[in-house]
Structures are given as structure tokens and as C-alpha cells.
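A, B, C and D label the chains in the order they appear, each numbered from 1.
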Amino acid sequence: MGKPTIYASMNEAVADFKDDSMLMIPGFGPGSPHNLMTALYYQGATGLTTVSNGVGFPSADPRMRGLGDLVMEGRVKKVIAAFTASTRPSRAGTAEELIRSGALQAEVTPQGTLAERIRAGGAGIPAFFTPAGVGTLVAEGKEHRDFDGRTYLMETALFADYAFVRAHRADTAGNLIFRLSARNFNPIMAMAARTTIVEVEEPIVAAGELDPDHIHLPGIYVQRLVQIPPDGIFSVNRQAMVGLQQARAASPPGGDLPR
Amino acid sequence: MSDEKQPLTRDQMGAVLAQRIGKGWIVNLGIGIPVLASNFFTDEQEITLTSENGVIGYGGLAPEGMEDPDLVNAGVQFTTLHPGGTIVHHADSFALIRSGRVDVTCLGAYEVAKDGSFANWKTVNDGMGNMGGIGGAMDLAACAQRIYIAMEHTTRDGQPRLVEQCSLPVTAPSGVDLVVTELGVFTVQDGRFVLEEHAPGYTFEEIAAVTGAPLVASPDLRRVSV
Amino acid sequence: MGKPTIYASMNEAVADFKDDSMLMIPGFGPGSPHNLMTALYYQGATGLTTVSNGVGFPSADPRMRGLGDLVMEGRVKKVIAAFTASTRPSRAGTAEELIRSGALQAEVTPQGTLAERIRAGGAGIPAFFTPAGVGTLVAEGKEHRDFDGRTYLMETALFADYAFVRAHRADTAGNLIFRLSARNFNPIMAMAARTTIVEVEEPIVAAGELDPDHIHLPGIYVQRLVQIPPDGIFSVNRQAMVGLQQARAASPPGGDLPR
Amino acid sequence: MSDEKQPLTRDQMGAVLAQRIGKGWIVNLGIGIPVLASNFFTDEQEITLTSENGVIGYGGLAPEGMEDPDLVNAGVQFTTLHPGGTIVHHADSFALIRSGRVDVTCLGAYEVAKDGSFANWKTVNDGMGNMGGIGGAMDLAACAQRIYIAMEHTTRDGQPRLVEQCSLPVTAPSGVDLVVTELGVFTVQDGRFVLEEHAPGYTFEEIAAVTGAPLVASPDLRRVSV
């Protein structure tokens, strides 16, 4: 079987990332590829088109950079997302201001339509019909069509140059296992990109060590694997993780502490 | 009624939502007031809570110190999994929603109109069609069997949120079944709001006065029982 | 959480099955709901529309009945399948003769299109586009459409009254786990029916006993569960299974014999 | 060449297919001759075999007595899983195929025409458009990067299977890259067949005589090396 390349560091895994690429970024709280995004931030890529659930805010921590930082620095041309503006008017995001000024293009998509457009991209389906958004601003300019007396919108697939993925476990064949709700957009984004790069929480094991019935994403979709180093970013909620990580460090392996 | 005026608290509004949810239903609770309903379900109701990020059968919020960083609900709060709960990816999560299996979506809103349309994704009607925070609300509103809205009865400056026509871009052009505010419980029927239950101490007239669309009293109009 | 009903026997689980229903039948070798199909055969249902990969042949064994038997007895109005005729002209099936005579309607669909139509049915997608079948007989009468210079066919979703499913493990919440290639059409068919009835190989366990990350089909899609009894049908290839089952019966539990 | 005439055996045809498969390719092998190619891959080729029923990375056939009744290939033969192999459901299996990630689909056929069309799903052109055994061949043929065909050079009654135009309903209207028969290896280029390799003892003229469409000899025409 073919095997993905295993990289020694995040920086090496994204070193040849090309400007003006389209990038899928999963995550819904957990399951976000923070380490790869941080490496990409320092790699310098610009002119990006991104696909993600939300756009987020710039980071206050130089050790953890994300889409919000790239957007703030003008390195993103276009975002495709279910959230580009804060729903709270009191907390306008950077993206919101850039969109208003015209410096950033935004394609706002209902979250389910976003997920299905990504899934379609990975499944070779160029377009499909969905009822979400009929009769709203989202439907403007889109083809409408009735099936069995109900109206649907035609939505088109998304396929990217790169997907950054965050997995809990991986084997050397690239097979991935996610943990609980960290799964979210990860498997479908991994399927909808030419080059899928994965940061892995647990030590990468030999092909054949994972139960084939437990694998969430076949390695056939994975081109690059990188182990998250011990000083890497392990959680979204750094505040909460400080305590957990300290506790875990102090506990024997295999203990039942949450992780 | 000689009750003292007692607008419903946010928890009471959650409790009212919970009362209106049928046995065995599959339920999606939005952030804000709707999610508070989860504190009022009984085991006998056999409710299954799903969240957009693919958690099917979640339970209460995780107690402090017991959070699992990989287990969050649609509001990205640390949650727990009910025994028998499970996880799917985002496309499968919305496959479930889109297939019509969600019995009710409970959402917050800025406005609800008498035709059952509602607005909850853009705070201004600024003509920039492509900006806002839709999240999963449009999918849920288009596909769930019922839409329940929980919101404040009026804006901060006293303008009604139950209106003739939404002034903000809508999330769905129709479909709202029930609205819960601090003043009462309203159904949407035949292009008008029907007051089903009133908060303690409030008369129909008082509620109608701060409602921006025709309001009729249900023949069964009663005081909320929470 | 809601719970499916657990039935004591296959016959009870299909007792109220309605004539003229549409039924999804998974299986590709393993993963076939032989016990439920046998019960349905004796229940007497007729006027069926079925969705399956192939149509098969009548059974020689009265203890194991399947779609081939229902077809042969004229109890099926229409089959939707990727195979309705044997590819070998020397071995014409019953279905083939009935189709030629006009007694049975057949809708032959490329296998991938069939799988995606079922997936779309379960996902609330009324129609989608696929390149499979363009320029062939299968495309006749279908809408053609170009995306990015390539031609696709529009195909519509399938949703049935019933799906019969075969699972390896289940819990009382209806969550299902399949084994290896017995998975095939099972999860997507379970999602694309109003009433999903599952025959389960291993003893049904309490909700919460299966690792949530190992579940292949959420119980939310399952209405009825039935344990396969000890004298039930455990394998497609009965010949091969005789030896295996004898060997397994003679071996201690947890042994490493294939199953 | 003074070789004795030796048509290729089915195994040799499988070996020829295996030679034509590139390093690291994702490969789908149809039942019949194509599946025999799996006996000739080397570990260095790092081939991943996928089958329509969702088995990604299968290995050789299961030895007798070691069959796992739940593990079969697309021909419903008991197979084995290569270390790192895994399983997906049928829709995900064809998502993989439809996405164009399969580098080559190797199929049997009744006919291949000079325009690269081929027929393998109906044995008669009986006007009944909706009957036959398509299986996954149309999806594979429409979506794989390459189509390789392995078949007998002529029908039982001696009619050519390499033809001007298919007489049977096609599986795909174009796309065949390579055809392997017992007489040789052919590519399809610019609307004609090119003989690349010949079976031992067969001349170009002898092969052209049983080919039903224009045949040209490759400048590199050589004897098959299996």
C-alpha cells in the first residue's frame, strides 16, 4: 500500500505550501489543527482562500496563530464559512470590518450546506440540492428547483488544494481516528483536498495496529503526517487544558483523567 | 387575576420550552435561552439532544474539573454524553438534520413575524447579503419538523420583536410554531399570533400593547405553569 | 434518549409489514439480513418495491429465503438494483425472465449511483449530479448538465418505507457496529428508511457499553432490534460456515478462529 | 522471430496488467482476468487495492480454512486485509471512486472500440435499456484516471472483440487506455489501436487479421516480457 510521508516538524510539513492556495480548516472548538495553522502563519503563505466553520479572532498568543491572524494581516483573499461576523453586534470581528471595507471577500453558507459542499467535493459530486436557505438572502442568485412540491437550492461542491487535519491517532498508512466531537469537519475536509496534512496527538503506530473497523478516515486520503511535539498545542481551550495537562503529566499513563 | 407582574426568567422560559417537547422527540437546542430547556427534561420524556457538531445524545454540561476537551456542544461548551450517545462527522450530522428527523429546533431570534418567518443571523439589514453568522440555523429551520423560538419580547429600546414583517434578513421565510418570551407563550396560526399562556400578572391587553402584530387570545388562555 | 423496540423474534419484528411497501435490502455477500428476509417471506408481504445491489436467485433452502424467492413468486413489483441480470448469458436469472415478460419492472442503476441515491435519501438531498453513465443507456431520459466542462447526469434520491439491516453488535439505544465488509450498504440504507429493522449477531448490550467512537450507525436511525437466535442464519456462505461454526462451537470463547 | 506460437495464459495477462501499474497507484481490479494481476504486484510497487464494497487495501485471497465470512472482495471471494487496510460503507466507497482517486480500473469486456469505448454489462443489444448487470463498472469507467481492459481477443466463434464500433450497449463512451488479450498488448491512441507487445510467435499481420479495427504497430513493438 501507499504511505503518507511522515514529517519531523510542523514547519517542514508546510514548508512548500503555495501562495494563493485554497485551504480547508476543520475544527469546532476541538479538532482544530492549531499546530499546522501556527506553522503556516510563520511560513508566510498569503493570498489564501479558506473554508472553515467560522473565521475567529486574532490570537493574543504568538505560540498559537490561526485563521484570525492571517485574516487580520491581509493574507486571506476570501473566506467561505458559516460564520464571518459575530452574532453579537457588540463584538464585531476583524473579518467583519475587512468585509465591510471590501478588503476580504466572504461567502457565507449555512453550516449544513457548507458541510455537504465539502462532502460533495470529496465524493466527486459537482452539485446537489438542499432546502436550507430557500427564501433568504443566501438563495440570491442561486438556481431554485422543485422536487415533489418542495423548493430547493442548487449548491456546488468545494475542493481545496490543502486540508489541515487534527487527529487523535494515526498509523503509518495514514489511517485516522478522531476523539468524540473533535471529529467534526476533519474527515470530510481530509477527503476534499489534493494534499491533506495531519497533526496527530498520540504517537503514530505501525500500519495494521489500528482495528480496521475503528478507523474514521482511510489513509488513502492522507498525504502527510506530523506528530504533535510534547510542547505543541494540545487543546483549544488553553486555560482549561493547563490544569488537565498538569494533572495528566502527574498521573500514570492509562489513567482515567479526561484528555 | 390579581397576581403581581412577574416576567418569566430565562430559566422559566427554558422550562416552558421543555414542557412543549413531546415524548421521544429528537431535539436541537440553540445557544442562549433554548439550551436552558435541557435542565427541565424528565427521563420519562426520553428526549434525544443533538448538536450540529455531530454529538447525538448529549447530556448536561460537564461539571467543573470533569470537562473533556474533545466533547463540546454546538455552543462550544463542555458537555457530557448520555449513555448510548454517539458521534458523527459534520456532513452526517446535517444529513440527520436535513432528513427531517429533528422533531423540533429551539432557537433564539431577533424578530418573529406573523407569517412564521424569523430573523436570527444578521443584526442589521445593511444590504451586504453575504455577511453574518448563519451557523446551522438555516438548515435547522428549513428541515426540522417544528421551530420554537425563545427571545425577549421587546428590544432594549422597547420595540416589539413579534412583528408584522421582519425588518432584518430572515433565517427562514415561514415555519415558526411557538414563541416563548418573558411575557408569555405564543403560537403562530393562520398569519397571526395567538397568546396561549401569559406570565403571572400580565393581561392580554398589556401583552398585545407591546406586540407589533395582531394578537388573539386562545380560548384556553391561561397563566404559564412553571 | 429514545430507544428502539427490541423484538423477541424475527417473525414478530416483521409481523405488521405492509403490502406494497418499498424495502431496502443491504448485503454484498456478508451483511445481508437473511433472517429478516426469511421472516418476511413467510409473513406473506407482496407488491414490493425493493432496493438492493443485486436480485439474486431463489433459494433451495426453505430455512433461508431471500429476494430471489419473492421475485420468483411474483411478490415484487419493481426492483432497483445494480444487477438484475446475470452477467453470464448461460445463467439467466428468474428476474431476467420476468423482466423480459414485463411482469417485473426493473430500474438498473450503476452501483455507485445506487449507493449515492440511498445516501442522498437519508441526507435530505433530493437530487445530485454524477458522471457515471454519461453516454450510455443509463443516461436515457435523464437530465444532463455540464460543470467545469464535464457532463454529469442528475440522479434522484431513494427513500423507503423499510430497511432491513444486519449488524454485528448493537446496544439498547440502537447504535450499531458492523464487521469488516459486512458494513457495505447497511449504514446508508438504515438512514434512508422510515422504519429500520435490525438483526443482530452478538447479544445486544446496554446503552453506554459501546465506545461512542466505535459506532458506525447512530441508534437514532433504528426503530426495531432483533437478536439472531442460536439456530438463525449466521452467514451467506452456508457451506463455508458449516465448518467454521463447528470449529467455533468446539473452541473456547475468545479464540482466534475467523468468524 | 521464430518462436512457437504461445497465446498468453490468463495468469500471464494478469502479469502484463501488473507490469503496467505505476508505483503507489490506487487500483481497482474487476472479476475475471483483472483480479489475477494481484498475484504479480511487488511490495515495491506499493499498490493499494480497493473494491467496490468498501474494502480499501485488500490483500490476496484468504487461504482455505482461514476465510473470514465478513471479508470479501468485489467478486464476493474471501479475501484478506493488507496491514493498514480498512473499511468504509458503500457510499463512501464510491465517493472515493467518483472523486477520481482510483489511478486505474482494470475490467473485463465483451468489446472495445477504436474510440476507447467499451461494453461489458449487457450480452445482447435487445433494446431493453433497463436490464443488465452494471455493478460498479460505469462509475469506475467514468471516474478512474485510466481504464485497462483484459479480455479474449475474439469471441467463441472467432469474431474480433477489438472493433470499429461497439455492437453492444457501452459501459463508457470513451476512456480505454490499454487492452490486454492473449495475443498482445494494445493502446488506444487517436482513434486507433496500437500494438505495443505481441504474444510469442505472433506477427503483427496475424494479430491485425483477427482485429476488427485499424491496427498500427508501435515503433517499440516487442514481444511481451512475462
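By definition in this document, a residue touches a chain if its C-beta (ideal position, glycine included) is under 8 Å from a C-beta of that chain, and two chains touch if they have at least 3 such contacts.
None of the values given here were measured: they were computed from a predicted structure.
Asker: Name, by label, each chain that touches both members of the pair subunit B and subunit C.
Answerer: Shared contacts of subunit B and subunit C: A.
Asker: With chain centres defined as mean CA positions, report which chain is farthest from subunit B.
Answerer: It is D whose centre lies farthest from that of subunit B.
Asker: Which chain pair is joined by more contacting C-beta pairs, A-D or A-B?
Answerer: By number of C-beta pairs in contact, A-B is the larger.
Asker: Can you work out the whole-Å distance between the CA centroids of subunit A and subunit C?
Answerer: One centre to the other, that is 34 Å.
Asker: In angstrom, rounded to a whole number, how far apart do the mean CA points of subunit C and subunit D lie?
Answerer: Taking the mean C-alpha position of each chain, the two centres sit 29 Å apart.
Asker: How many angstrom between the C-alpha centroids of subunit D and subunit A?
Answerer: Chain centres of subunit A and subunit D, defined by C-alpha means, are spaced 38 Å apart.
Asker: Can you list the residues of subunit A that touch 2 or more other chains?
Answerer: 116, 119, 123-125, 130-131, 179-180, 212-213, 216
Asker: For subunit D, write out the residues touching at least two other chains, lowest number first.
Answerer: In subunit D, the residues touching two or more other chains are 81, 87-88, 91, 94-95, 97-98, 143.
Asker: Let me know each pair of chains that touch one another.
Answerer: Per the contact definition above, the touching pairs are A-B, A-C, A-D, B-C, C-D.
Asker: Can you check the complex and tell me which residues of subunit A touch subunit C?
Answerer: My answer: residues 116, 120, 123-131, 145, 147-148, 150, 152, 156, 177-180, 212-214, 216.
Asker: Subunit D touches which residues of subunit C in the complex?
Answerer: So the residues of subunit C touching subunit D come out as 28-31, 54, 82-87, 89, 96, 99-100, 106-113, 115-116, 118-119, 130-138, 140, 168, 179-188, 216, 234-237, 240-241, 243-244, 258-259.
Asker: Quick check on the complex: what are the subunit D residues that touch subunit A?
Answerer: 24-26, 46-48, 50, 56-57, 81-88, 91, 94-101, 143
Asker: Enumerate the contact residues on subunit D facing subunit C in the complex.
Answerer: Per the touch definition, subunit D meets subunit C at residues 51-55, 65-72, 76, 78, 81, 87-91, 93-95, 97-98, 117, 121-124, 128-140, 142-143, 169-174.
Asker: Across the complex, what residues on subunit A touch subunit D?
Answerer: Spelled out, the residues of subunit A in touch with subunit D are 1-3, 119, 122-125, 171-175, 191, 206-208, 212-213, 215, 218-221.
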